[in-house]
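In the two complexes below, chain A is the common chain; its partner is chain B in one and chain C in the other.
Up next, the complex of A and B:
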């Protein structure tokens, strides 16, 4: 109970901060829009090719906008050592980490919904919106994995001399299974084939559970 | 003193074993019927791959022991192993590429084993980037231990994911299990030689690292 209370309090703090500053979400969605435009120039998508490329483009956009957003949320804690006040409070390191994962997940999901809508509008691909409820489970699991690794690694990288610049180098190789799982499962939903879909969901679940447990054990060493 | 003697004995053994191993690979092992002489790269390739995984396992174990015992000795073990792992995985990718070109007719293919090795390579190069960016010795040890543990546990997941991802597509080629008994013997000998080589490399590098640490302490004391 104490754990839940502490977690909810810290999540509420992050949301309140975001509502006032509107820093993370605006950065992330702005980058998403920019990347979608760049992808359009690079790939010259039309009505036929768009459904082949949609999963790949979307997950690359999620990954890069996610890196920017998650780097920012941990930078907020490192600025003037703000996180120390949480460490010295009675809240445990585990609830601090869990709260950070949840708030990053909320930011990621918001960005993803906006990106999907933008994609549907920009590329005239309404199918994406129609299929959205079916995309949601894999989106949730994939984003949770992103959020766990992103939260942990953004704390690793912000103390480094290279700062947030280091995050993509650490983050992208480790989340490779999520990118594979996310892209493939989205591709299967959009092409309406259920073959092998569940094993990709399983790999996302295994990844999330394994790294959540591991991060809760390891996070204490990063403070 | 005793440990130092054991290391010296190991170097003498390797002094004999490495030339012998190359003799076995090039002179004794039979020539593969279809691939020809280029298949001889296989012995080195397999041995290097096994040893790069040994190196990465060393990072993992060193990381865990450092976090448990807070002794910088284990951090030195971890990053020495990481260097060996990165060196060998680079060589694995290069030898693999040389082998793939005449046999599969490509320099690179997105085969699960190749992709797993490449992703590991990225993770451990990132490990050194992380270390380079942190000056505080204890913090550097703690942070890189966390990354080393996370990175190593990613291996099975990456392997599984890339296997499923490629299984939808036709496979380019796969060597069969029917190796000539002589080839198996040469392969095993090469693996043993390279494991011993890795151990000796580790001892060498570890001693240098400890000496560097001592010098750093002396310089720091002199400055103060």
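Up next, the complex of A and C:
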């Protein structure tokens, strides 16, 4: 119960901060729009080929917008050493980390919903909206893994002077299995092929669990 | 009984020693004031005492009633140079956040009382970013007081405060003594620091020069120590 109360208190605070500042979501959404417009101009995709390219384009957008957004959420904690309020409270490192993962996941999913809609409009690809409910489990699992590693690395990077510069270089190699799982499972759904789909979903689950356990251990030491 | 004990503690930043072989025991109910010129290692010592910085050498031992398995979360309140506030949240939201993290309920009255005491009740619905530096400092201190921790660590608590609020904070910290709390304060304001302490530690270039009780040293002697250190060649 204590763990849940602490986690909810921190998530509530993060949502309030975002409602006030609107920094993370506006930054992520603007970046995703910019990337989609660039892809739209650079790639000449017709109704057939867009289905093949959609998973890759979408996950590139999710990854880059997500990195920027998560970097910002950890900077909010480091500004004015605000996170010390949590460090010096009885709240456990586990609830602190879990709360930050949940907050980042919520922001990430919101950005992803907007990105999917923008993609459907810009690329005239209605199928993406129709198939969205079926995409949700894979999006959720992929985003969860992304959010776990992103939360850990964004905290690691804010402790360094070159943190924001280093984040993508440190983060992307580690999160590669999640990106592969996310792209492939989305591709399977859009191409309506069930072959290998459950295998990729299982891979995402395994990596999510593994990343959560390892990140928690590291985060406790980091604090 | 020692709440915190430092054994031969030292800290090195990029091969420059900031703290050298400090041995210090802080008993329950002590009001310790740290004095020393800039760069004496006071802030480093406070961070090590509070557990947010690891010493390069030596050991910090917390009493069992203060920590479970070396974890002092919830037992120490720390006010550093920065105010540890969320600028986009309002005064009330900041203080409510801390109150909830401490698992305390029905805090309306306690929060109102504290905010009134610190002159922030009228500004409770304003975002922290709109407050003056002095108000932010007051809120940071109020936030600490509401936690009811065992040990209070204050690093330059009077920064940005005018005389009126300096007196209020002084009384607030003094009131902690009546509640048998332990306070560790570091300040450049000698009069205020002397008024707050019952034990005084004087640091210079990372070394603890002396540790004396109130009946062993007067304010004038502390001032004289500062004057001597400011002499050229020292």
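The criterion applied here is as follows: the second predicted complex is superposed on the first by the 223 of 223 C-alpha atoms of A that agree within 3 Å, B and C clash if a C-alpha of one lies under 4 Å from a C-alpha of the other, contacts with A are read in each partner's own complex, and residues count from 1 in each chain.
As a convention for this text, contacts are C-beta pairs under 8 Å (C-beta built on N, C-alpha and C of every residue); 3 or more make two chains touch, one makes a residue touch a chain.
All values derive from a computational prediction rather than experimental measurement.
Undergrad: Once the shared chain is lined up, is A:16 touching chain B (first), chain C (second), both, or neither of them?
TA: second
Undergrad: Given the touch rule stated above, what does A:112 touch, chain B (first), chain C (second), both, or neither?
TA: neither
Undergrad: After the superposition on A, what does A:200 contact: first (chain B), second (chain C), both or neither?
TA: first
Undergrad: Look at A:157 in the shared chain and tell me whether it touches chain B only, chain C only, both, or neither; answer first, second, both or neither.
TA: First partner only.
Undergrad: Between chain B (first) and chain C (second), which does A:80 come into contact with in this model arrangement: first, second, both, or neither?
TA: A:80 sits against chain C, while chain B stays out of touch.
Undergrad: Can A:5 be said to touch chain B (first), chain C (second), both, or neither?
TA: second
Undergrad: Decide which partner touches more residues of chain A, taking chain B and chain C as the two options.
TA: Per-residue touch count on chain A favours B.
Undergrad: With the two complexes superposed on chain A, say which partner A:184 touches: chain B (first), chain C (second), both, or neither.
TA: In the superposed model, A:184 contacts chain B only, not chain C.
Undergrad: So in the complex, which bits of chain C are touching chain A?
TA: Within the complex, chain C touches chain A at residues 50, 52, 73-74, 76-78, 80, 82-89, 93-94, 97-98, 100-103, 127, 143, 147, 149.
Undergrad: Under the definition above, what is the set of chain A residues touching chain B in their complex?
TA: Touch residues, chain A against chain B: 149, 152-153, 156-157, 159-162, 166, 169-170, 172-174, 176-177, 180-181, 184, 196, 199-200, 203, 206-207, 210-211, 214, 218, 221-222.
Undergrad: Write out the stretch or stretches of chain B touching chain A in their complex.
TA: Checking each residue of chain B against chain A gives 67, 119-120, 122-123, 125-126, 129-130, 132-135, 139, 142-143, 145-147, 149-151, 153-154, 157-158, 160-162, 164-165, 168.
Undergrad: In the complex of these two chains, what residues of chain A are touching chain C?
TA: Against chain C, the touching part of chain A is residues 2, 5-6, 9-10, 13, 16-17, 20-21, 76, 79-92.
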